[in-house]
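What follows is a pair of complexes built around chain A, which joins chain B in one and chain C in the other.
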Partner chain A sequence: MPAAGRTYWLTEPCRIRREDNSIRVERPDGSPVRIPITDIRDLIAFDHVDVNTSAMSMLSRNGVTLHILDHYGNHAGHFSPAESVASAAVIRRQVEITADPDRRTAIGRALVLAAAENLRWALDTDLLDPALQSLRTDLPDCKDDDAIMGQEGNFRRTAWAVLDTQLPPWLRLNGRTRRPPTNAGNAFISYLNALVYARVLTALRSTPLHPAIGFLHSDTDRRRNTLALDLAEPFKPLFAERLLKRTAHQRALKPTDFETDVGRASLSTNGRKKIAALVREELSTTVHHRTLKRKVSYEELIHLEALKLVRLCLEDTPYKPFHPWW
Partner chain B sequence: MSSLDDFPADDGAAVGGVHIKYFVHCPRQLWLYARGYRPEHRSDRVAFGQVVADTTFTRRRDIDLGEAKIDWVTTGAVVHETKSSRAPSPAHAAQVRHYCLLLERRGISVRGGTVHYPLIRRTTDVPWDDDARMAAEDAETQARNVIAATEPPARLARTGCRGCSYLDYCWGD
Partner chain C sequence: MFVILVYDTAVERNPKVLKTCRKYLHWTQRSVFQGELSTAQYRALITALRTTIDPDYDSIVTYTTRSPDMIDTTTLGVALGGPGDIL
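Presenting the complex of A and B:
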C-alpha cells in the first residue's frame, strides 16, 4: 500500500501557519500555498522557515515530522510528533538484540558490507574489487564496533579515490572532509547524506522501532539517532555517490551552484533548489519489487528496510541489508 | 482527528472489535496488531475508510466502551457499524457480533446488529441469538489464544492480502 501523504520540500524562505485544517505556506513572492494536513507526511526545510506553535501542534496531531537542514546541509534537527507509534514489545526486543555483542556486531558487519557492495554497484567499476575483497576477508575478524568502522573507513577512502577518477576536476573530493566540507564535491556528498538521514529517520518514525537504539554506530556518535545512521549506510551510495556521478556526467551542476571559500564550501540557494529537485525525482523513481509484485519507489525501499528490522525484532527473521537488485 | 482514533488502546487482555475483525481476516494480522505494530496510518485505504465514516451518518454518535468503539446504537439495542467496503465480509459480521457480546455483558438486552455499506447503499443484518452468542464467544477465545501465542501465525495466500496495510511487512522481503 502506498504511504498516505507525501513529502514537501521547502526550498525557499517561508512562513508556515495553520489555517483551519490546512497548512498555509507563505512565500515572499506570490500568494500563499495551502496544503491539506492529511496530504503531508513530512516537511523538509532547506532554508529559513518561520513556524508558529499552532501550526506545530497541528503537525504533531497529524504525525507530521519537520526536518531542518542547516546552511551546510547538515541535519540540524527535527520536530517530531509527541505521540509515536512505538510498541513496547518491539523496543524490548530491539534492546535485547543490540545488547548482545555477537548479534549486534553481526548486523553491524552485514550493514558495512552491504554499504560497500552498494558503493561498488553505484560506481560500476572493477577498480574497487580488490578493496571489496579485502573488506570481505577482514570483516569477520572484527570483534567490536570500532574495528568494523575502521574497516569501513579504509574501504570508503579507496572508494572515494576511485570516485574522483570519474569526476571533473572542480567536483573532485580530494579526501572526504565534513563539518564544514572543504570543496564542492564534499559539500554535495554531505548534503545528500543529510537528506538520506532525514528520509531514514522519517521511515523509522512510522515504525515501532526506536531510532536511537542502533547496531553499528556507537551510542554517543554525534549524539544522534544511531539506528537512523546505521540504516542510512546502505542507502548512501544509491543517492549520494550515484547522483554525484550522474550530475557530473550530465553537467547538471555548475561551479556557480556552490559558494566556495578558502577551506569551506556550501551550496548556493540555486544549487540547493537544483539538488532538492534531483533528489525528489530520484526518491520517486520506481523499480519492480519481486515479492510485493508491484512497483516501489526508492523512498518506499527505505521504509521496507525499516520493516525488515521490525520483523527481526518481532519474529527473529534474519536481517539481510538492502542491495539493489536491478 | 487522528486517523488512529478507531483503534482503541491495547490494555492488557481487552479484546475489541478491531481485534475480532483482524482475527477473522487473518490471525497473523491480529498477532502483529496486538504486539503494537500498527501500520494503518500509512494506508490510503484506512484513510479512505476514515473519510467515509466521517461523512456518513453524521448525526449519530460513537459509543465508547473502552476496549471497543461502536459506531452507534439505536433503541432496542441494535448495534450499527459503517464499512467503506463494497463487499460484505464475514469479518464485519464477526465484529458486530462481538459488540453485541460486549453490550450484553454490560447488562443490555441486545436485539441484533446491522452493517451499513454506504458506498453500495446496502445493509446487512446480523442476527443475535444463541448461535450468534456461541460464535462470538468462540471467536473471542480463539483471538485470545492467537494473541497469547509466542510465534506469529503463518502468512495467508498472497491474494488474501490485497489491500491489507500489513502487506508491506509480511511480503516486503
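Presenting the complex of A and C:
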C-alpha cells in the first residue's frame, strides 16, 4: 500500500482526464476537480466514467488502480498498472502451494471457517451457534473445493436467514439473489461485496502475489481473480453484513435510496453516495493491533492479510485467516 | 506529513508553479495548497519548485505538521477547496 494516497469514489458520471501530469475529473455539474496524482491510491467508478489512454498511462505510471462497478454493483473489471512488484519466487511458491490438494484445501477450510466465525461475530447472536458447530464438524471431511464451498453455502443460507430477523421488512434479503439482486437488501450486500473485492484486489496488487491463483474458489469461477475472492471471504462479514445491520438500526438508508423494479433492485445515485461515504468511514476505522503494537485501519488489515500470504509463500509461516479480535 | 503551501510569485511564473503544485497537493485557495505527502514526495515537490521560481523575486512558504489533525481550520465566506474524495 502506498504510504500516502486515498481512495477516490466516483459516484457520478464523470470524465477522467490528464492535465499537467496530474488528474482532472470533469463532472456534468460544477467546475472540474483536480486531484493530485500522488494522492490517489485507487479510483472506484460507480457510474459512467470516460477515461482515455493518456489518463490511463498516467494512472499506470503512478501505480493507481481503477475499479469499475457495473449498474448492479458487481465488479465489472479493473485497470491496474503494469506489474511492478512481480517476484518469480513468490509466484512459484504460490503455485506450488495451490497445486498441492492437501495444503490448498487446508487453507480453503480455514478461510471458510474464518468467514463463518466472522459472520457469527458480525451478527452477534447465538442463533448461529448450532450452524457454526455443524460447520466445524463437517468441514474436516470435505476433500475438495466444491464440498467446502457447499458447506459454506449451507452456513451462509442459515446466517442470512438469521440476519433477516434483525432487519426491517423492506431491507430483508428473503434468500440471497445475485445477478441481478432482486431486492434492496440483496442489492446492498452485492454492492458491499464488490467493494470488498475491489479493496482486496488493490491490496493484492501491492504484493507480488498473483491475484488469479487462489485456494478456495475454483479456477474457472467466471475467470475472476480467485485469490481476491478467497481473501475477501473473511472480510465480507466485517463490511457487508455488519454495515447492513448498522444502517438498518440507524435508519441511515431509506427505500428511496434503492431503485426497485420487478425482480431487480439497485442503488440510486444518492444511495451510492451514501454507501461510498459509509464504506470510506468504515475503512478508516482503526483498531489496536496487538502484534504491531499500533493502531491499524480496516483498510490496512486487508493489506496485512495479503502480506500473511506472502509470508506463507516465502517463509512457510502457517496462514491464519483474519478474525476480529476486538 | 501534512503540508500547507503558500506562494507569491511573479505573474509570468504563476501558471508553472500552480501546475507543479497540482501534481502533489490539493488546491485550497488562490495561491494556497494543502495535502498529505510523504517525505520523498515533499522533497520532490520542493526540488521541482526550486527550479521553477526566481529566487530573487518569488517567495514560497510551506508549513508542515505530522498530520492534519494537528491543525484547526476556520473558514469564513466561500470554501473554495475541492469536494473531498467522494466525487
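One rule holds for everything that comes next: the second predicted complex is superposed on the first by the 322 of 326 C-alpha atoms of A that agree within 3 Å, B and C clash if a C-alpha of one lies under 4 Å from a C-alpha of the other, contacts with A are read in each partner's own complex, and residues count from 1 in each chain.
Everything that follows uses one rule, which is that a residue touches a chain if its C-beta (ideal position, glycine included) is under 8 Å from a C-beta of that chain, and two chains touch if they have at least 3 such contacts.
These figures come from a predicted structure and were not determined experimentally.
When the two complexes are overlaid on their common chain A, residue A:R280 makes contact with chain C while staying clear of chain B. Legend: residue contacts after superposition of the two complexes on their common chain; A:V85 is shown touching chain B, with no touch to chain C.
Residue contacts after overlaying the shared chain place A:T38 against chain B and chain C alike.
Once the two complexes are overlaid on the shared chain, A:H289 sits against chain B while remaining clear of chain C.
In the superposed model, A:R27 makes contact with chain C only, not with chain B. Contact with chain B, but none with chain C, is seen for A:L304 once the two complexes are overlaid on the shared chain. In the superposition on the C-alpha atoms of chain A, the part of chain A touched by chain B in one complex and by chain C in the other spans residues 3-4, 38. Here chain C touches chain A in the complex through residues 19, 22-27, 35-38, 41, 82-83, 85-87, going by the rule given at the top.
Of all residues in chain B, only 1-3, 32, 35-39, 41-47, 151-152, 158, 163-165, 167-169, 171-173 touch chain A in the complex they form.
On chain A, the positions that touch chain B within their shared complex are 1-4, 38, 61-63, 83, 85-90, 206-208, 289, 291-293, 300, 303-304, 307-308, 310-311, 314-315, 317, 320. Partner chain C is touched in their complex by these residues of chain A: 3-4, 6-12, 14, 19-22, 25, 27, 33-39, 273, 276-277, 280.
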